[in-house]
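You will see chain A twice below: alongside chain B first, and alongside chain C after that.
Here is the complex of A and B:
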């Protein structure tokens, strides 16, 4: 995917300190707004935003893999599944039907992310040998494999009919699943919805900052070298195999974090899909993640948040605006929110590739350039 | 033994349908270097139109209309969308076809709604027949025969007509063939039309109880997914390879469904593909990309 332009390495211009100051102020203002949001929004809308954050974290991982390391993957929903399942196994105490270690939840979270990253690295023998579309279809097989394994192993992934439960995050002195909250901010009771919203926002911010750090440093330069020309990268002493493996590992780790967030979003329910095409971890979701990256602009972290807002946010938001409560499904001949969203994001993908291959990130850059002129 | 032979016939019958799909896929890839992720949608759109006109015109006319519509749909995707995004790389165009696929899949599924599952295999579906002492479903045999004829015709055309020559020349070297007076747009447009038509024929066998299963046309998009591994196993640049890949996929699917479990059949196809890719990263008969520095 060579249409994304890497940020050129330039000497710091004279106004750098001023822009840095502006950026810090902007980030702080954004932080305050996000902190105050749960005080004004009802929990329904918080759930929509949390779903967007979940998609954004996953899409950031995929956009780094495709846009920066140049490797097409259609397996992202598989890694989301791995993340969710491993968190459930590490964190829940386990009973007669399910295996569980009952570890502290923070440790379980970290372990789940690491485990998913390792699974991604295990794909290296295949990803290292394949290129472009061959890699895309090969990775698609992971989604089918994951679907089958999850249905074969109900003691690990939970049964496809009822699933299994994993606890919410508990930090010392702060339980994100608090049922009887005694904390008030501005006279608003901070219950589990508000707490989870802060958690999701913080995780997204963390993922964004970590991603920015990786991309602007040595890691990102290595990925872009491999993306632009593998032979050239080898000549310059960049190990192509290692770069591809780390890209897959980092991207899967992000998907793993998204997987844990999915489980939390469903109030701790981890349930494998009943069909491989429609569901939480199926092929449709894998394509949705790809859609987020394309809509946001391949390789752009900020763009992937916008992509998530469209692809994951719209189907949740539309029924709320309509006043109906169910998200609807792909059945009946009505234009359900899911149908409308699918049509919108399908059309967006087509239009973006045709007219602005750099997605909304490219549009944003154009606008900035117009304003500066 | 007779079970095994039955499984083989079933596998070959399914494989023939996958071969039709994979062949269309490879033709499109050779002409435009684009992976057509909307192939399942070409299947779906042909099947939907055939199903919609079937009560009015009878099965045969409906089938012809469906094939025609699928061919036109392929043509339109190429002429309207791909031809106007010249600057995009082949990989981006593949993502564009994903967008097309999402739109068509959503719209057709919405139109089919929750009504009774649509089926298209009236003359042969759910009918057993005797073949050399074996009881087999008629669908598999008809599919095998039809596919064999069509694939034979395609290879004759590919080898002996000027269209086939233009096609081969262009996939060899686009610029040189254009300089030789081959009209590039005609080759690519016809490739998409042929790919669409083959998908339109395949759906006549996919939307049946025998191959597609209980939900008929609704599941044929998912079943058509198996054309990707089929084309990849054979190698994306090789039309002959796609036929082999289709048969491998059909056999792997049928054997796994019979001897392991129905759920495992889908996975088995992809596992076979992974093994092939590990041994030969460009598929069995695909052209290995030379890297020039």
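Here is the complex of A and C:
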């Protein structure tokens, strides 16, 4: 009970250095693998992985909001839409039909993320007052609002029939959309698909690292305190209202980045949905994001990547494995890839809630513990 | 903003411990007056116990001081600062630390993470500075984590730093809760039933710990407790509440003899046999 320790007391665990070394080696190895993947995979598989990365970035935002800050949101696809539209408006030059500023694409990307974050913060007066399923349902209304607005304002969001185009990312001296400058790695030409794959992987890594840093620090502690006990959080000096707003803003900013990635994934096409329940930004997608978070384990950033691999990856991957590239060839059967995926992740959600409510993240922790033992 | 001791480990002696003056506070829930013009003063560096039968208003009083419940009237002065006039989340930075009755820990988070929450108002940095791991943010994070570890060690939970708080024994969780309250670097520590649910030997350890906190940190402690042995053993002064009103406010020996307290609170002769040190 008293201070009897001679050595200076530190908060670092005993094997911290070794763990850090292992983690660094692991991250480097993963980096090399991801870097080399485009050399071995054809572009259709790269597209699947890019779609997974897009989902992962969005799901990371949502899992932080739900799992760490304790706020349910069903509006994630709305914020994805806001991100995509903002990027299109900032980055494309605009013409007689559409408004556009033609800003440098990197700046447009940052601005789109910030804008979406701010739109999320605007929802704070509502998100701060509602809890649980009430907040979920209230936020769902944003998806409908977004659908309606996007269809009302074709000069901003693009028309629902033909959409609008936004440029791909161009860094000074490197263009992610075209072969400029042309680049060869191990005699494989790095075309636009390969470049975009690297870009998507890098953005996902960035989103993960950023989220990880924030969650393990002061911000994450504040969120978890608000999630578990608001009175306690207040007594410890956390402004509950402010942290709830911050969490919503950060979550939305992640969705905004995912929105920009969606536009890039469609080769720059920003097209609003023609129906609210089905499409790229509709209610189904909002639920899909929630499913990713639950499957991955609420609050786990790594888990949301796995969740995205299942929810976003499978419907894209199954037709490829089936040996056909067009969805049409499967139209004769009731078991389309989408249906199969829905069955898989529906079953997964039931199993996870029954046996491991912490999702894949919880399973991972169990495995780590078994290995260490 | 008041200047808070941002240095990693301010020596106890330099902590400017001020009296906590509760002046005529009332708390109202609808038509019920839960606290009726209660006044008392916690003198610097003393252990002050708040006792009373169930429903007397002890916890309400705590919740009023920490601004969880709004005051109907009255003032709460810590030195010159009126706690009632600042938002609830600013209380911690004014030097008020509170441990909770029903363990309000984040179970899934590690012990050190829980205790670091106490450093919240002593540290800065939002999402971005932690996201990019700004060197100055990380440096202060490490400094504060070391201080938090030191506090855990003082509380006797130093060996559990990296275990999830929810996996600790009840007694250890209580200690983590107190460690978190101390991580605020408070000048007054509010303890809500620290010995609740503990057996005799654990209670004895707890009372020793509370005395250690006062002696080594030199801070004031305001304590709500049902265990009369503990209260009479360590309290420098006792305030008795009953039905939201103050019944007595004196040294333990005098309170024990107060006929009104005996009638309202201790009730039978049985309870009078409390040993004093």
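Going forward, the second predicted complex is superposed on the first by the 352 of 373 C-alpha atoms of A that agree within 3 Å, B and C clash if a C-alpha of one lies under 4 Å from a C-alpha of the other, contacts with A are read in each partner's own complex, and residues count from 1 in each chain.
Everything that follows uses one rule, which is that a residue touches a chain if its C-beta (ideal position, glycine included) is under 8 Å from a C-beta of that chain, and two chains touch if they have at least 3 such contacts.
What you are looking at is a predicted structure, and each value in this text was computed from that prediction instead of being measured.
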- [ ] Figure out whether A:231 sits in contact with chain B (first) or chain C (second), or with both, or with neither.
- [x] both
TODO: Would you check which partner chain A:240 touches, where first means chain B only, second means chain C only, and both and neither mean what they say?
DONE: second
Open item on the list: Just to be sure I read the superposition right, which of the two partners does A:140 touch: chain B = first, chain C = second, or both, or neither?
Closed with: first
Open item on the list: Tell me the contact category for A:263 with respect to chain B and chain C: first, second, both or neither.
Closed with: neither
Open item on the list: In the overlaid three-chain picture, which partner chain does A:214 touch, first (chain B) or second (chain C), both, or neither?
Closed with: second
Task: Touching partner for A:343 - first (chain B), second (chain C), both, neither - done: first
TODO: In the overlay, answer first, second, both or neither for which of chain B and chain C A:250 touches.
DONE: second
- [ ] Would you check which partner chain A:72 touches, where first means chain B only, second means chain C only, and both and neither mean what they say?
- [x] first
Task: Touching both chain C and chain B, counted on chain A across the two superposed complexes - done: 1-3, 231-232, 235
- [ ] Going by the contact rule at the top, pick out the chain C residues touching chain A in the complex.
- [x] 63, 66-68, 87-93, 96, 98, 100, 104, 106-109, 112-113, 116-121, 123-127, 130-133, 137, 141-142, 145-146, 148-150, 153-156, 158, 161-162, 180, 184, 205, 208-209, 212
Task: chain B-facing residues of chain A, complex - done: 1-3, 72, 125-126, 129-134, 136-138, 140-141, 144-145, 147-148, 151-152, 230-232, 235, 276-277, 283, 287, 290-291, 294, 330-335, 339, 342-343, 345-350, 353-354, 357
Task: In the complex, chain A residues that touch chain C - done: 1-3, 5, 8-13, 209-211, 213-214, 216-222, 224-225, 227-229, 231-240, 246, 250
TODO: Would you mind writing out the residues of chain B in touch with chain A in their complex?
DONE: 35, 81, 84-85, 87-89, 91-96, 98-103, 105-107, 109-111, 113-114, 221-222, 225, 228-229, 232, 236, 263-264, 266-267, 269-271, 273-274, 277-278, 281-283, 289, 291, 293
